[in-house]
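Each of the next two complexes has subunit A plus one other chain: subunit B in the first, subunit C in the second.
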Partner chain A sequence: MQKLGDFKLPQFFNYPPYFTLQPVRDTREKQIQLWKDLILDYCKTHHIFVIGLEDQEFPLFSNPAIERSLTYEAREAFLSALVAQGRAEWLDKSRRKCLVLWHRIQDWANIVLDFVKDNGLEDSVMTVEEIRTGIESRGTELHGIDRTVLMRALKMLEQKGKLAIFKGTTADDEGVKFSI
Partner chain B sequence: MRRRPGIGGLQTAAAARDQYRQLGENVAKIRTDLMKEQLTTFRTQLEDFARKHKNDIRKNPAFRSQFHNMCTKVGVDPLASNKGFWAELLGIGDFYYELGVQIVDICLATRPHNGGLINLQELCGLLRQRRKSDREAVSEDDCLRAISKLKVLGNGYEVISIGKRKLVRSVPTELNKDHNEILELAQAKGFVTVVEVERRLSWTTGRAIDAFDTLLDEGLAMIDDGHKDGVRRYWFPCVSSISTPVGADGYGSSKG
Partner chain C sequence: MAGNCLQAVELTTSGRPVLLPTEIECSLLSAVDLECEDLPNFPHLKSGLLILTTHRLLWLPDSTTTIPTASSSASAIPLAAVTHIFAAKKSIKSMFHSPRLRFQLSVSPEGRVPDSGLGSRSVVVTVVVRGKGDLDAFLSKFWESWRGRAWEIGDEQGSSDAVSGSGSASSSGLYTREGTVRMVGVSGILRKEQEMWESTDKSLQDAFQDLNALMSKAKEMVMLAEKMRQKLLSGSQPNDEELGSKQEMQDWMLSVGIISPVTKESAGAQYHQQLSRQLADFVRLPLERAGGMMNLIDIYCLFNRARGTELISPEDLLQACSLWEKFDVPVMLRKFDSGVMVIQNKSHSDEEVFARIKNLVTKPDALRNGISASDAAITLGIAPGMAKEHLLTAESKGLLCRDISPDGFRFYINLFPEIDPNDLYLVKDYGIYHTWLRAASASG
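Here is the complex of A and B:
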């Protein structure tokens, strides 16, 4: 059986034609909608930020139970639809890697703000790594967050004057000064 | 009667005609009264019966179906009016209107997936899921009855028979004989291929593809190119739903 943990797969995942891009526009739109929801939902549940289109291990790309898997074209179509909606971004020009934003950057920024307030860090300094892996963020959605996503959220907050990002001694050592 | 001359004779004749007419009217009246009395008796009996078996009619789908049959035979339609005595007595009208609303709901909800054509069995199963409180109390017969009541809303809801199965149509798509034959063929496995259609129905390739194209356009079919043999399959969500495994008889029959 597929290792999908507690994740409950939708019924369409077991219906073979959903693995072939449909030729009729209406049907295809419905199909893409279902896949978009599934991808976001799955990535959110499993805290997945980056999908490699050529990744044969990604569990949603194939269903051994019905012996079907998504063609490259279909994978690209579903992810492109997410990109068009602002829920994903291509990480390279050749479209091999895709960043999935199951929370939009704006939402991530709010999560950071809540995190800061909850922990009374309004005037503190933290490194980016601390936010991602530190003890304060343990058990929150920020724990293990993709670095790219976090930096984008932090930059958004910087623009709003909620914090200042400063360079550390190394590239991995960027810090943040909150001023909320 | 010997015809007598004079005015007296004419009057007698008129009086006789009058009497005959009165007699005739009396006879007719007696007959009507008798008929009325019989009808009243019958109605009372039927009411008594309905009252006595009220719970059975409400709770037992098989019994309800038989009661309906009986009513149809004597020309009574308990669903004809919601305000009628039957509705008051049995609440049967409300039951079917409620079912009707739920059926419309389910048809709309599943339309994106099945293109507006749904297996009666599946519809019935979804209906039972929705009415969790009395899951067993809705039979296919009830569904059909409720759908027949939806016809007053104009075109749209209709039951069509494809092979052994009944499908409920909620879009005004007209299916021709070719489409029906393909759907019937697809019932076995949930899908068919062009080659199968050619072979089983002795059609030309063009005819088969033409019919498939229409079914695809209507949203009733989906293509599947993913099988390892590389042959394109046409799937029909209306005959094998994703919520019921292919070929499995998902829901118990109405005779329970």
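Here is the complex of A and C:
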């Protein structure tokens, strides 16, 4: 079977109608469902958080083997379906960039908690950047996480009283004080 | 039935009278009663449709309001039995009456209209027009038809054909009938052939001199076409044209010739209704050949070609088709979502078409590359526009799905329902998804 990087593509990826937005309701619903699942799987495998709609940068949206690619309208339809499901968010009003939440914010928050527990950081202080790129997070899903996504997860934990976020010395970095 | 002194008229499935071979409709009156005080067994004919043809007077029950009963079924009076037509009386009294006309009819002693020739008794039949019809026009047509004695010409031709038998031209019969010496041998055949050509040529020239001449020649043209068709059918010379063009020629000949087209002139207010019925009768054969469904445009062309000179407008056709809803006819007008209109048999089932489409798209090649409307048109033997409508309908039923690419608009068998949403990688080792996968990977 075809692969896209490390990602194993399903058989129907070579089915030409998969790349044409289907007009009939039942068929379209199933098609959208399949695209949503595939986009989430692919983003998870490749650790992709933001999909740009305009350019051809997102390889999943075209299949050179059968010379098919999604139209802009179709891309927007599939991503909108993810947005409606709470698994994605538009980053701008013109819908050119989309943030994909292959883990929901709630799940990300749990991953952060596990990370803190695994590393014995229950009462320590870390910067947000340290969580994203530091030595402790290397090899975990948190490594290289999108900043927006991480901040959302942290804020959720803050509301639950599990940590406190405070302004750091530099404007673009913030500190986190865990108190689990 | 014993009580009915008139001849019965056979009706087509759409309620049009079946005419004799050369009979032509001339005029129509609606809401007409036929009365005859002289005959006790004269049927009860109230408020029906009176059709004047070159051969007969036909009375039809009004199918839209009454259920035909035995006592008021379609009846015919041959014009041959009419012995006199009375001029319309203009009197003070007639101003208050429904307009009426009277004619004298010759009947047998038992009071039956004879099949041929004249009877021994004369009775007077009154036509009472309760509707709004142009009685004067009808009367003059009545005179015209009656004096025209078209039935005699028809009889003569029929008998001469029967005598000469082998389909030889009727003009050849003239020689023997008039007692002149018939040419024999090769020169005789050549001469005869020559004369036939000349007369054919002449009738063609005459036909095109002006429209009126064409109209009067139309019948002859139809007969000529029929004759040529017969000749083509019997002609089996080996050095003949190839068979395909012969077949085509025959088809053309066949499609000429509604001998008595319904016209505005003859049918008047009944025009659309009668046209509608005639159309219903006409489309049955082409529909059968086209697999139960035809484009309205194709029908328009065929119908007008068959009518020859009495062409109808697209609006008339549409109106005639939309009237079908009100009659009990075996065909119907159907409008697709795209706006394309077709005529189809009522018995036509989409299921059957879908089965054929499904068969088509599950062939290995179609599984791989899909099908276009023209592919479907070729396989189904229908017009591409029509094929596309079928494909779109099949798509809306979830049988197909589309693929739009720079290569064009194609349809594939719908695999979406087969794919397991919980396991994108699962392909069951049976079913259409599996078949598709095998076909698709066979190409790569």
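One rule holds in what follows: the second predicted complex is superposed on the first by the 177 of 180 C-alpha atoms of A that agree within 3 Å, B and C clash if a C-alpha of one lies under 4 Å from a C-alpha of the other, contacts with A are read in each partner's own complex, and residues count from 1 in each chain.
Here is the rule we go by: a contact is a pair of C-beta atoms (placed from the backbone, for glycine too) under 8 Å apart; a residue touches a chain by one contact, two chains touch by 3 or more.
Note that the coordinates shown come from a computational prediction; the quantities given were computed from them, not determined experimentally.
When the two complexes are overlaid on subunit A, subunit B and subunit C occupy overlapping space and clash.
Of the two partners subunit B and subunit C, more subunit A residues are in touch with C. Look at A:V24: by the touch rule set out above, it reaches both subunit B and subunit C. In the overlay built on the shared chain, the residue A:P16 is in contact with subunit B and with subunit C. By the touch criterion defined above, A:I135 reaches neither subunit B nor subunit C.
In the superposition on chain A, contact of A:K8 is made with subunit C only, not with subunit B.
Once the two complexes are laid over each other on the shared chain, residue contacts for A:D37 go to subunit C alone; subunit B is not touched. When the shared chain is aligned, subunit C comes close enough to touch A:A65, but subunit B does not.
Two complexes overlaid on chain A leave one subunit C stretch from 5-13, 77-85 or 365-373 clashing with subunit B, and it is 365-373. In the three-chain superposition model, subunit A touches both subunit B and subunit C at residues 11-12, 14-17, 19-20, 22-24, 26-27, 30, 67-68.
Those residues of subunit B that touch subunit A in the complex are listed here as 112-113, 115, 191, 216-217, 219, 222-228, 233, 235, 237, 242-243.
Considering their complex, residues 370, 395-396, 398, 401-407, 410, 412, 414-417, 419, 421, 424-425, 427, 433, 436-437, 440, 444 of subunit C touch subunit A. Listing the residues of subunit A that touch subunit C in their complex gives 8, 10-12, 14-17, 19-20, 22-24, 26-27, 30-31, 33-34, 37-38, 41, 65, 67-68.
Within the complex formed with subunit B, the residues of subunit A that make contact are 11-12, 14-20, 22-24, 26-27, 30, 67-69.
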